[in-house]
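Shared between the two complexes below is chain A, which has chain B as its partner in the first and chain C in the second.
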Partner chain A sequence: MDKIVRIDMGAEGGPKVSFEPVGEYAGLGGRAVTSLIISKEVNPLCHPLGDENKLVIAPGMLSGTSGAMSGRLSVGCKSPLTGTIKESNAGGQAAQVLARIGYAAIILEGKPKGDDLYKIIVTPDDVKVEIDNSLKMLNNYPLIEKLRAQYGDKVAYMSIGSAGERLMLASSIACTDPELRPTRHCGRGGVGAVMGSKRVKAIILDDAGRKQRAPKNPDAFRDANRIFVEGLRKHPVTGEGLPAYGTNVLTNVLNEAGGYPTRNFTSGVFEGGAKLSGESLAEMETRRGGKATHGCHRGCVIQCSGIFNDKDGNYLTKQPEYETVWAHGGHCGIDDLDTVAKLDYMDDNFGLDTIEMGVTIGIAMQAGLAEFGDSEGAIRLLEEVGKGTPLGRTLGSGAGITGKVFGVEKVPVVKNQAIPAYDPRPIQGIGVTYATTTMGADHTAGYAIATNILKVGGDVDPLKTEGQIELSRNLQIATAAIDSTGMCLFIAFAILDQPETFQAYIDMLNAFYGTELTADDVVELGKKVLTAERDFNKRAGFTSADDRLPRYFYTDPIAPHNQTFSMSDEELDGVYNW
Partner chain B sequence: MKITVKLFATFRAGRFDIETRDYPTGTKVGQVVKQLDLPTEKLGILMINSRHVDLERRLEDGDTLAIFPLVGGG
Partner chain C sequence: MPDTPSLELQLPKDHLANFFPLFQEGVEVEVEVGHTVRQMLMEQFNISRDYQANRITTIFLNHKAVDDAAAALIEDGATLALSGAMPGLVGATMRSGGHLAAMRDGMTYRNPEQAPATGRGRIRLKLFNLLLPELAPRILLHGILLEPQRLRSLFAEQPESFHTGGRLPTADKRLWENEHLELRVLFGDRNP
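The block that comes next holds the complex of A and B.
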């Protein structure tokens, strides 16, 4: 990973490819690379879909090695949904393959003038940018089928569906999983629209002839990786709960805790929760001949995903995540997993963020476009997005815009990005993260649920304000660091609880790069990334007034705890004081 | 007293999902956990009526007790 490839899509005479040394980004990966490049090179006042914005694609520090859990990919840009800097993160095979080819980043910049659609083929020998108008308006599943016929199954694909081509603000970038399904998405923030604005439909990553990246100290790396894997297998969350039930094990947890936002955040308990639960989903997947345990990339030892078959036993989609099941389920008053799975498939196929689309459909229900609980209505609304009708384009612009168009007062967004599956009133810590993260409402940016609800990595009372600022701050720093190493964030459950697993993770980095990083250095990396992101947002015009939840979270209590979001403005403004 | 006990994830295997059970007045959460032979090293979240509690909490008639192993996601 000693090179960066820069592709100027708007160059005179057609796209121009150039190569440069990794330079100041040496030894960095993932979110550190995307956010530092965007912060340095992109004018924060640019239009996100204009030629001044850039799309940066970066594998993690340990991607492409034999290290477990190292296959996360970061995609960065100025977000068309939020107007902030954006790092959107996905599993799948892309990070491993891109790292083995040898690139620390692909930078897409400029935009072509004409109507032609492009594909980019990246191999160890060359980077080609070719016009392929036969791909126009194909959705992700048929698109990947078509590309596989030409480029085969020993590559990884990144792609946008029709939503990205139509520049929808909820559009995603899909990455293929080990079985070449376009199921792992850089979902949040409309990154698909930025790729679409540059007229890039697909990126084919082919590492033919390349081996795994070699560590500086192979023996130490192997030993550290062994201890790391043992730690993940030993911890009940990463070794037992996530493999057996996936992330959707949380439906019952959040519902029991009264923090499950139901029917557009009007109750904290959904009476249909048990039908949507991870326990029900795993049983259904196994009964129908799917799989309750599946990894999104090679080298994953947690295997939190699964395969969802329809009633006839045919593949429908991957196991929907907890946040997807919530957004398309309880948030819309829907308690049917078949409906949720169909919507998950449609989101993946059109290339849409499942959280943004589920929340948006709930807002459309609030506006009266369908009744809460109407499965067919939800499917019909999402079909409009796939067709690109005026209604579909409105919905595809996300919850904030849909709420404005239809006059809905109470819309759960921060910086115009939909709040996900945890109500911030009975879980104050996650509200701090939603309000203050550089990304717009994003649970992964500082997952206070771990400590507030799951009691992993400590215990902070979710109903009280005490300790939440420090908790969210520390988690946001740790997350920025983990996102930069390209490790799956779920390693956090084990490294927070088990010091020897945390040490093994640091040892892997040091053995690979020949460095002597300490835990403090990793914390400093997280702070450096957050500081660069925050600085970009400030220059883009964001102020402390943007670091707030929508007003109704402060005024409308929610059952069963009958509590409002109680963090003061002064407290929220202190999150970045370190 | 009547207590509704809910079990989740791996704790359901060989036991039950939800049952309303009789317990003597003054029973503590820890006693319910022990009686159900739940492995304490795998205990995650304990909630009574949507609030987190510990093993020392005394149950009251009509309570709903939810018992989860350590789980995570997100």
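The block that comes next holds the complex of A and C.
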């Protein structure tokens, strides 16, 4: 990964490809690369769908190696949904293949004139940009089938569906999984629309002839990876809970905690929660001949995904994540997993963020376009998005815009991005993160729960309320750091409880790059990334007034705990004091 | 439970998972109340302290997260939910006595000022995820109280192969006319 490929889609005479050394981004990966490039090169005041915006695609620091859990791919840009800087990441095969080809980043910039649609073919020898108008308005599943007929099965694909081509603000970029299904999505923030605005339909990544990237110190790398994998396997979350039930194991627990936002955040408990649970989902998948345990990319040890078959035993979609099940399930008052799975498939096919679309459909239900609990109504609304009707385009623009169009007063968004599956009133700490993250409401922004080991900002007393600001700050720093290495965030659980696993993780990085990184260095990287992102947002016009939850979270208590969000503005404004 | 009709079933071990939906929604059990969660689980369900510490890492009492199972007191009518370690930020936040407990301070369980009365009582017990296969057999052996219709519905939802392991004695009207019946289930051989 010693070079960057830059593709000017708006160059005179057609797209122009150029190559440059990795330079100042050497030894970085994932979110560090995307956010530092965007912050440096993109005018924060630009229109996100205009020619000044850029789309940066970066594998993780250890992608393409034999290191476990190293297959996350980051995509960065100015978000058309939030107007902020955006990093959205996904699993799948793309990061591994792109890293083996040797690129630390692909930068798409400019914007072509005319209606031609392009595909980009990246190989170790060349990068080609070709017009292929036969791909127009294909959705992801048929698109990948068509591309496979030409480029085969030994490549990885990135693509946008019809939603991205239509520049919908909830559109995603799909990455194919090991079975070459377009199931892993850089979902949040409308990154698919940015790719669509550059008229790029698909990127074919072909690493033929390339082997795994070689570490500077192979023995030390192998040993550290072994300890790292052992740590993941022995931990009850990464070794048992996630493989058995996936992330949807959270449904029962959140519901029991009264933190499961139901029917557009009007209750914290959903009476149909058990029917949507990870336990029920895993049983159904197994009974129908699918899989309850499956990896989203090769080299995954945790295997938190699965295969969901329909009632006849035919593949329908991958195992929906907890946030997807919540957004299309409890948030809409729907307790039927078959409906949720169908909506998940439709999201993947059209190329849409499942969280944004589920929340949007709930807002549409609040507006009276369907009843809460109406499965057919939810499917009908999403079909409108797939058809690109005026209603569909409104819905595909996300929860905030849909709420405005239909006059819904209470819309759960921060910086216009839908709040995900954890109510911030009973769980105030996550509300701090929703309000203050650089990304708009994002449950993963403060996800890296390794802060007690990283000692970011010192120890925090877990039983003191006033620790919530510090915890959110520390979580956001640690998450930015892990995102920057391009590792799957789920490693954080084993790191939290097992210092030797954390050390192995640092040792892997050092053995690969021949560096002497310490935990402090990782923390500093997280701070550097967050500072750059924060600076971009400030230059884009965002102020502390944007770091707030919607007003009704402060005024409307939610059952069963009857709490409101009570963090003061002054406290929220202190999150970025370091 | 002298007035509650009881039903005892012996079923093949592979039928255990069919009872998991009941536990996710919660079943009533009769226990000695007024004791701590830890004490109740140890003394009435024979769940060791080590198991509790290592496997039951997330506990809710009346929808509130419990940080200290050795202090939280169970009262008659309480709802107790037990879970293994959870993923995600919020999963970690819910962990008993975890590093991130401050993030859900407003929904952390605190004992009432007046200690609950001791004696026999009924609680609603829920089991989630990894604890389902590990704890459901001993809870079913202890006995659970069910509305008869829930048991009928459970059996009605099962495939025909399930019923070869045992059928409900539907002719025994006394079982089905009460508000609750006590169900005990033994899985596998009676004398393993």
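Quick note on the criterion: the second predicted complex is superposed on the first by the 560 of 578 C-alpha atoms of A that agree within 3 Å, B and C clash if a C-alpha of one lies under 4 Å from a C-alpha of the other, contacts with A are read in each partner's own complex, and residues count from 1 in each chain.
By our rule, a residue touches a chain if its C-beta (ideal position, glycine included) is under 8 Å from a C-beta of that chain, and two chains touch if they have at least 3 such contacts.
Predicted model only: the values in this text are computed from it and were never measured.
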Which of chain B and chain C A:Q563 touches, first, second, both or neither: second
Which superposed partner A:L471 touches (first chain B, second chain C, both, neither): second
Touching partner for A:Q428 - first (chain B), second (chain C), both, neither: second
Which of chain B and chain C A:D2 touches, first, second, both or neither: neither
Which superposed partner A:V249 touches (first chain B, second chain C, both, neither): both
Contacts of A:V237 with chain B and chain C, given as first, second, both or neither: both
First (chain B), second (chain C), both or neither touched by A:G258: both
Touching partner for A:S280 - first (chain B), second (chain C), both, neither: second
Contact breadth on chain A, by residue count: chain C or chain B: C
Overlap of the chain B and chain C footprints on chain A, listed as residue numbers: 235-238, 240-242, 244-245, 247, 249-250, 252-253, 256-258, 269, 278-279, 304, 322, 443, 447, 449, 461-463, 490, 493, 560-561
Contact set on chain C toward chain A in their complex: 17, 20-21, 24-25, 55, 57-58, 60, 63-65, 67, 81, 83-94, 97-108, 126, 128-130, 132
Touching residues on chain A, where the partner in the complex is chain C: 235-238, 240-242, 244-245, 247, 249-250, 252-254, 256-259, 269, 274, 277-280, 283, 304, 322, 422, 425-430, 433, 443, 446-447, 449, 451-452, 460-468, 471-472, 475, 490, 493, 496, 560-561, 563, 566
Residue ranges of chain A in contact with chain B within the complex: 235-238, 240-242, 244-250, 252-253, 256-258, 268-269, 278-279, 304, 321-323, 443-444, 447, 449-450, 453-456, 461-463, 489-490, 493, 560-561
Touching residues (chain side chain B, partner chain A) in the complex: 6, 8-10, 12, 17, 42, 44-45, 47, 49-52, 66, 68-74
